[in-house]
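Multiple structures follow.
The two complexes that follow have chain A in common; it is paired with chain B in the first and with chain C in the second.
Let's look at the complex of A and B:
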């Protein structure tokens, strides 16, 4: 298999983007990514495109977005559409990697686009993704699943976990102040957190991600092309994806044991024996505060039930020894199908030294993660500067 | 540039989902205040609600069992925010492992004081016993059980 690198990234402004249509938003990300690595759309061999159709209220938006992807009339470019929930963006990154590593293509564009703000209620949309026979009745969305995790974690491991969720809420929103592409930029205090209303106990408004519009484009290249076009590409050293049961009663929800299995596989592939020491920055999929803490544990940065200790020691804050989500994370910006690919894009920018105001010093290895489904799917990628 | 237009839209599409023979038998049982599960003879797990196959052993399941209407509360949440198009708050949901079942399933928790969120950890406990409260009128729906009441 060929080595694969990321050579260009295009992020868009996020938030309520009713100034542009779905396809204009995709075009904005792609145009920026191409410019950043001095490529033309005709230099791209194939495109992988992702969105979660029902958030934007359009079935199969690839039908009219194709023209924004350089896949309109006259180009004959191969194009594939991917939809895997919260992991959509990570599935795009994995698919782009496979396309290049296989030797079939030299340059592949991954593009995730989403306009979550265009629906009236994201949880109502998410309720269309639960078991329609039994579970749907109870009004479940994503926040309900995360609340079950937080409740179970609280009862099983740490009765005052809320105090640590508060830390995660504050750190991520403050990090977002450094990121011009973030949606929520909140300079909040402990008091703000504790006066924030419960949405689904034990989760408060400030424990939760926003409904964002946004897009991201990432260009993957073969080693031959990457070396020619980029002085410091982000090399992909390890990657993988894992699935689990839909049924929540079937798996532990206080510990992400399948992410732990995936992390072992991916770190082995990347030849990382001590992730805590060897990883310099992590972009984790923290749609809800509790999930960031659970991800520390599953990825092997902390022991089971003790992820909160990293927060006590300030390890994962911006100036800590292993900063998590210097971008502000999913907690600050969540255009759902783009969010996983934004994690990859941010990790790549860190490795390339191009993360500007949110750059962490001396990054050699970065990781990007996404979860999706009914607390069920995970994708993980290790990027390195060599 | 002029102010960008926003065009309103709405999806109103009706469906009929096939429940399949296993959930159909489960729903039929609820009418008679019976809760059916199904046992995997390979790993000995009892699935409630029943399924056609064991996801672990990947074998078809045919060994029907009846489980109790009492069980254990494995986890719980309380919905306080009104989400458009979803049930009115406040309401509590639990993952409940019925006596005789191996795994938990989702249902409402009832007869619980939800008026003060900060008191929830004193009112609901992981591991507490619960019992099904049945609807008088039962028509073969998961809501034939009105809710589970903590004991």
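Let's look at the complex of A and C:
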């Protein structure tokens, strides 16, 4: 099987983007990605597109975004739409990878777009995902699921876990100050954290991600094209996806065992035997603070129930030995269907040495992760500079 | 490395008159279980699961949250395409071609919890098309009228296509509607949206279709004669109706050229034995003939009475319209014909088949046409 690499990344400004339409937002990301690797849209063989329609307040926006994707030039273009909830962005990366790894295409563009500001309240939209008979009437959304995780973790492993969630909230928002594409850039203190209101106990406002508008485009290439167009592409060494059942009431939600299973598979593929030592930077899908701590454990960076120790020792902060989310993570920027692909883009930039103000020194291996569905989907990718 | 289809499975199909409808994910389970049982396989033998579900029409956000486990994807590699289900098959094919996996289940289910025409109004942009109450059907009607005008096509020709497809359906044990519709029936039926009459418009039914595909060595363990995926191609076109040709399916033409070039198909009428085409309207079926180069531009009607071509033996969309699951239904029908397991409507010499998938959620705007070429 041929090697596959990322050769270009295009990020947009995020936040409330009333200045652009959905199409223009997609175009902004695509134009930047193409410019970064000196390609034209006609050089792109195929496009993989992702959004979660309902958050955009419009259905199937890929149809009118198709112009921005280069489909409207008479010849058209192969386009495939993927929707898998919060993991959509990661699913796009995986789909683009298989377009190339299959030998069907050499240069493939993955684009994730989301304008969450187009809907009134994202949690109400998320409530339309859950079972209409058993779960919907309770008002369940993503924040409730994360609150269940936090309360279970608190009672099972660490009664003062809020102190560590506070650390995660502060570190990520401060990291975002280095990232020109981040939405929330908050120089917050412990006092700010503890005075922020509870949304769903034990999660506070500052434990939670924002609703962002934003897009990201990532160009995947075969080794032949990557070597021609890029001096330092980000090679994909391992990748995978796992689906679990919908019913979280039957799962031990204080530990993400499905992610633990996936991580073992992906690290085996990437020939990584000790992720704590061999991974230099991690872009994790930390939509809520507790999840970053649980992800440390599931991915194998810490023992079960002891993820908080990494925070105690400063390991995952920007200058730590294994920085997590130097971009500010999902906690700072969350254009939902794009967020997973932003993790891949940020990890690729770190490996390529192009992360500018948020660059970590000496990155050889980076990982990108996303979760989605009813705490049931995970995608994971390992990128390397060799 | 070759990838082949080794089994297919269907759930029962339902329309709105049948009260015992199941959820879309129950149907996904039934179709997949039947496909796996057929070859003595269980979900543990499957590496990859790819579904095709469009949340808008499933009536649920992240609709594969439910189907992922129903098809057997528990703790497995699984994903969802939001297109006609031929693209789910194509994605699964790519995953196997990468060499990382050997066996995939592809599934698509259609739900009747949503009114498809009304739901599709939300697809259109809020400034230009939505104020016109555009929906997928009105877009297809605009395309049909453009085709009629460009090539002076009479509606009797479209009615003949309906008659031909429904005649095929009357012989197909798996078609949902088996009643033959005559030219006269079509012409007497009311206009729903000009130039489309009621009996020209396929009615969405609910149900599910699953395929099992595998790489060569594994495929031969489970099926003595797998049906190989010879090639695939797909293209999407532009959105704005005013800036593209409406009387010709350019995206399908591009996909056909790609497949024909790669597979050295000089004369598709002779080189391909079966065609399963997505007749979203009979006018589109004529346009599909032209885009597939079965005839010249504007002469799609010439194919109607060509008995040497075997087109839509399944009965077409007009008889079994599973919306985005339709593509997999057509692939499954071609598989059964090529495997000599079609039953009452079995034909001889079915060595190579072309299946056309059609994502038309936005009517004539940004259509995605896909081709799956199968061979024995």
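Note that in this section the second predicted complex is superposed on the first by the 385 of 386 C-alpha atoms of A that agree within 3 Å, B and C clash if a C-alpha of one lies under 4 Å from a C-alpha of the other, contacts with A are read in each partner's own complex, and residues count from 1 in each chain.
As a convention for this text, a contact is a pair of C-beta atoms (placed from the backbone, for glycine too) under 8 Å apart; a residue touches a chain by one contact, two chains touch by 3 or more.
All of these numbers come straight from a predicted model, not from anything done at the bench.
*Asks:* Between chain B and chain C, which makes contact with more of the residues in chain A?
*Replies:* For chain A, the partner with the higher number of touched residues is C.
*Asks:* Is A:199 touching the first partner chain B, the second partner chain C, both, or neither of them?
*Replies:* After superposition on chain A, A:199 lies in contact with chain B alone.
*Asks:* Counting only touches as set out at the top, which of chain B and chain C does A:245 meet: first, second, both, neither?
*Replies:* both
*Asks:* Touching A:160, do we find chain B (first), chain C (second), both, or neither?
*Replies:* A:160 sits against neither chain B nor chain C.
*Asks:* Quick check for you: in the superposed arrangement, does A:148 touch first (chain B), second (chain C), both or neither?
*Replies:* A:148: touches chain B, not chain C.
*Asks:* Where does A:85 make contact in the superposed view: on chain B (first), on chain C (second), on both, or on neither?
*Replies:* A:85 sits against chain C, while chain B stays out of touch.
*Asks:* With the two structures laid over each other on chain A, which partner does A:120 touch: chain B (first), chain C (second), both, or neither?
*Replies:* first
*Asks:* In the superposed arrangement, does A:189 touch chain B (first), chain C (second), both or neither?
*Replies:* Neither: A:189 stays clear of chain B and chain C.
*Asks:* Looking at A:134 after the superposition, I want to know if it touches chain B, chain C, both of them or none. Which is it: first, second, both, neither?
*Replies:* Once the two structures are laid over each other on A, A:134 reaches chain B alone.
*Asks:* Residue by residue on chain A, keep only those touching chain B in one complex and chain C in the other, then list them.
*Replies:* Of chain A, residues 54, 132, 245 contact chain B in one complex and chain C in the other.
*Asks:* For chain A, which residues count as touching chain B in their complex?
*Replies:* Where chain A meets chain B, its residues are 18-20, 54, 57, 120-121, 123-124, 127, 132-135, 137-141, 144, 147-148, 151-152, 154-156, 159, 197-202, 245, 247-250, 253.
*Asks:* Spell out the part of chain A that touches chain C in their complex, as residue ranges.
*Replies:* Answer in residue numbers: 1, 52-54, 58-60, 62-64, 66-67, 69, 71-85, 91, 94-95, 98-99, 101-104, 125-126, 128-129, 132, 240-246, 258, 261, 372-374, 376-377.
*Asks:* Spell out the residues on chain C that touch chain A in their complex, using ranges where they run on.
*Replies:* 49, 53-56, 60-62, 64-66, 68-69, 73-83, 87, 90-91, 93-95, 97-100, 119-120, 122-126, 232-240, 243-244, 250-251, 254, 361-362, 365-366, 368
*Asks:* Which residues of chain B touch chain A in the complex?
*Replies:* 4, 6, 9, 11, 15, 17, 19, 23, 49, 55, 74-81, 83-87, 93, 95, 97, 103-108, 117, 120-121, 125-126, 142-143
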